[in-house]
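Letters A, B, C and D name the chains as they come in the text, with residue numbers starting at 1 for each one.
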């Protein structure tokens, strides 16, 4: 029976502010990208998220980001590679401790938002992330975009590079994501999303926005958890995969 | 030959702002209370501090504090015990990771500033700190004021409680510190400080501000590192201890 | 026709995090306590809130708080009076500029959360708030709890002190609020809340939790805007007041 | 008698961390770029700086920056123009209030660090700064690099654009600054700096790093205040200008 990993961003509440229904998402996904406090997530949120992920049997990853609460880590920052590496080590360590006190552990790293996007092409920041992860634990895989600098450099450094696709994003025929500024960039119909994911999981293929099809190698599929329809969408994806005989399970 | 531990607050620079001459202090002290980012210390500062401490053979402690950069962690915050415990776990974990990538490790915990003062008497916050430390590693000692709630609760929880005295602070005859708002509260003459420390280390005694003497049990002596004369003072203390045949070494 | 002011906390979103439905609340209230960035509210949130308040004809007040995003300004901080005063001036000024670029202005000040509670009794912090407000503009009224230090000191300083009552909070027979840690502290039934407010507005009276009644002098009534039923509650209050021939209008 | 404006960055301390000797700099400069809290400067620091600047007869400008304390506002941030504009309004307003309570006022705006550099060429961010300044007060001049987008757009918007040169920076023959990553980029000899400034002030000329000379139009000259030799350098510049019969005075 085929297995695919579904990952989702969680632990993104902060103090008085709630975001997403992490507990509900844990019913559908196998990997939890837990915010580490720099773009979202305070220590109590992080700890509770680790506890709930562990209870649900969901693998915990460190969702490391730029130090930018006001921008939710979505804005590119021209931080020096050395400082970025140290920021990443700090965040992983903080999450490791909170995971450990809940009897679980950090199993992988996924860069967040602006950092995620930057290190698709920004070699120096990508290398900094790879250096940081390797220095903490060379057994931690990095989750990223197929073809990205960060995954290329991770492999070069001997780290496991895990590719991911996006359940609710449209693709261009060349495999890149349709810019969020264009119409149709984000899929909002649960059925369409489920079909999208099914094709990724069972055919290793994506139907692009122009109707053409291309092959994709994705060991994990990202399901967003912070929109209003997130839980319904994740449930639809899980159900469609189940019907097709594809089980959901960590890439680990 | 008698041995005494000297501890000092380090890693308190932040971004563009420098504070203290940590490297120079490492020539005199045996324990480094490293800021963990909540009251001071950014990840790059923390990492460099760990590297330099390790190179100097100085033991690293987690100097955990309130989340208050603007107030340097010196202002009491009425944070809930559960949140405080999580903040402490987060800070220790972050420091552990940065220490580990520099080939060293966190050996003890010392609460900072407003938190240090609060948990002399604030039972709930003291218990939160103890719970946090124990949850991370029950082998981590906590450094605190003799007679404080935090040390009482640490011992009760099976943690090692390490008492400290202050090299440059005047004491009342009852063993409490003279309030900083009173004249003579802080000793500024290196010779007087050296004499103060020598009496603590060799006679387990303190001469109070009224001239009377009382016994003190201090396994470590705190030497401040952030004043202009800090390095000269630490050097004077080290020299006086050496002349008296007292060596400086970690309490571990 | 009698008139009563209804005030509500708004502008409390921050970056990616939304809180409350300010626009809906502006349909029911006459005064908007706008967060100023220290406990909540980023500049874009604040500006949009000012624009919407102005469009709805709702008076804008500066909802100044402790510098504590992680704690939403709800935790007491033992900040020095001088620093607190400067923090308050800074926040009012920032809001004034954002209000001005939207063609409106700041008309009053209401301390938030932990600061609000502290200056019921904390004379030094209360005086700092009064000093700050007076230094910015002696024509700015301060909104606070009847009998509080801050209102006493405001009047002494020649500022207008505006008293408020709480629409959804239970009172003890002595006029104090029932602690949130006790059952029944917060009223959740819109009808009960409407009745509570009606009695305050038309009889200057409150029925306490034990069934007894006492007189209250409240020039404004606070309607909370950040709970799930906030808008429904505000609408119920507005409707009940309208039925009783009481109009809603600013205390200014 | 010729007059030239000297401007310097001040108010860059933050909480426990001191930076620069603002009071000493006020003995030599005529314009004070006061940090507004986003990259440096807490409200108490800002207020004291305003008080001291006013007492010294130094004009106050708003030194607005990216929201990045850890990076001191030196790192480019890809913030949206709308959010940037709101951040700038917020900062100016906060400074205006603190200046006003000290009996003085904000007279101009100078973007700081990473923002300053970005808006030499980044049209959208430059326009955002111009929009923000104009919305607050169209009489506030903007200080910037000759030939920069921000000054071009400021003039287009009807704002006064004030050009500045740098006392301690080497120039390329084309008028651009020698990159800090190259040797000789920063002048450290007070005499050389004084000569540099004198040529700017009396001949409207700069001797480039290759020995060639070019014309420069600078209404103000920036003297850095945060290096160890800053005060000595400013004093040397003032003395050299005085000897040459050039007085120091605001560009206003």
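By our rule, a residue touches a chain if its C-beta (ideal position, glycine included) is under 8 Å from a C-beta of that chain, and two chains touch if they have at least 3 such contacts.
By chain, with names taken from UniProt: A, B, C, D = 5-oxoprolinase subunit A.
Just so you know, these numbers come straight off a predicted model, no measurement behind them.
S.K.: Once chain A is fitted to chain D on CA atoms, what angle does the rotation have, in steps of 5 degrees?
M.R.: So the copies are related by a turn of 180 degrees.
S.K.: Interface check for copies chain A and chain B. Shared numbers divided by all numbers used: above half gives same, below half gives different; which is it?
M.R.: same
S.K.: Just how far, in Å, is the C-alpha centre of chain C from the one of chain B?
M.R.: Distance between chain centres: 42 Å.
S.K.: Residues of chain B that touch two or more other chains: which are they?
M.R.: 42, 70-71, 83
S.K.: Taking the complex as given, what residues does chain D use to touch chain A?
M.R.: 67-68, 70-71, 75-80, 83, 114
S.K.: List the residues on chain A that touch chain C in their complex, please.
M.R.: 12-19, 40, 42, 69-72, 74
S.K.: Considering the complex alone, what residue numbers of chain B touch chain A?
M.R.: Against chain A, chain B makes touches at 37, 42-44, 46-47, 82-83, 86-87, 89-98, 100-101, 135-136.
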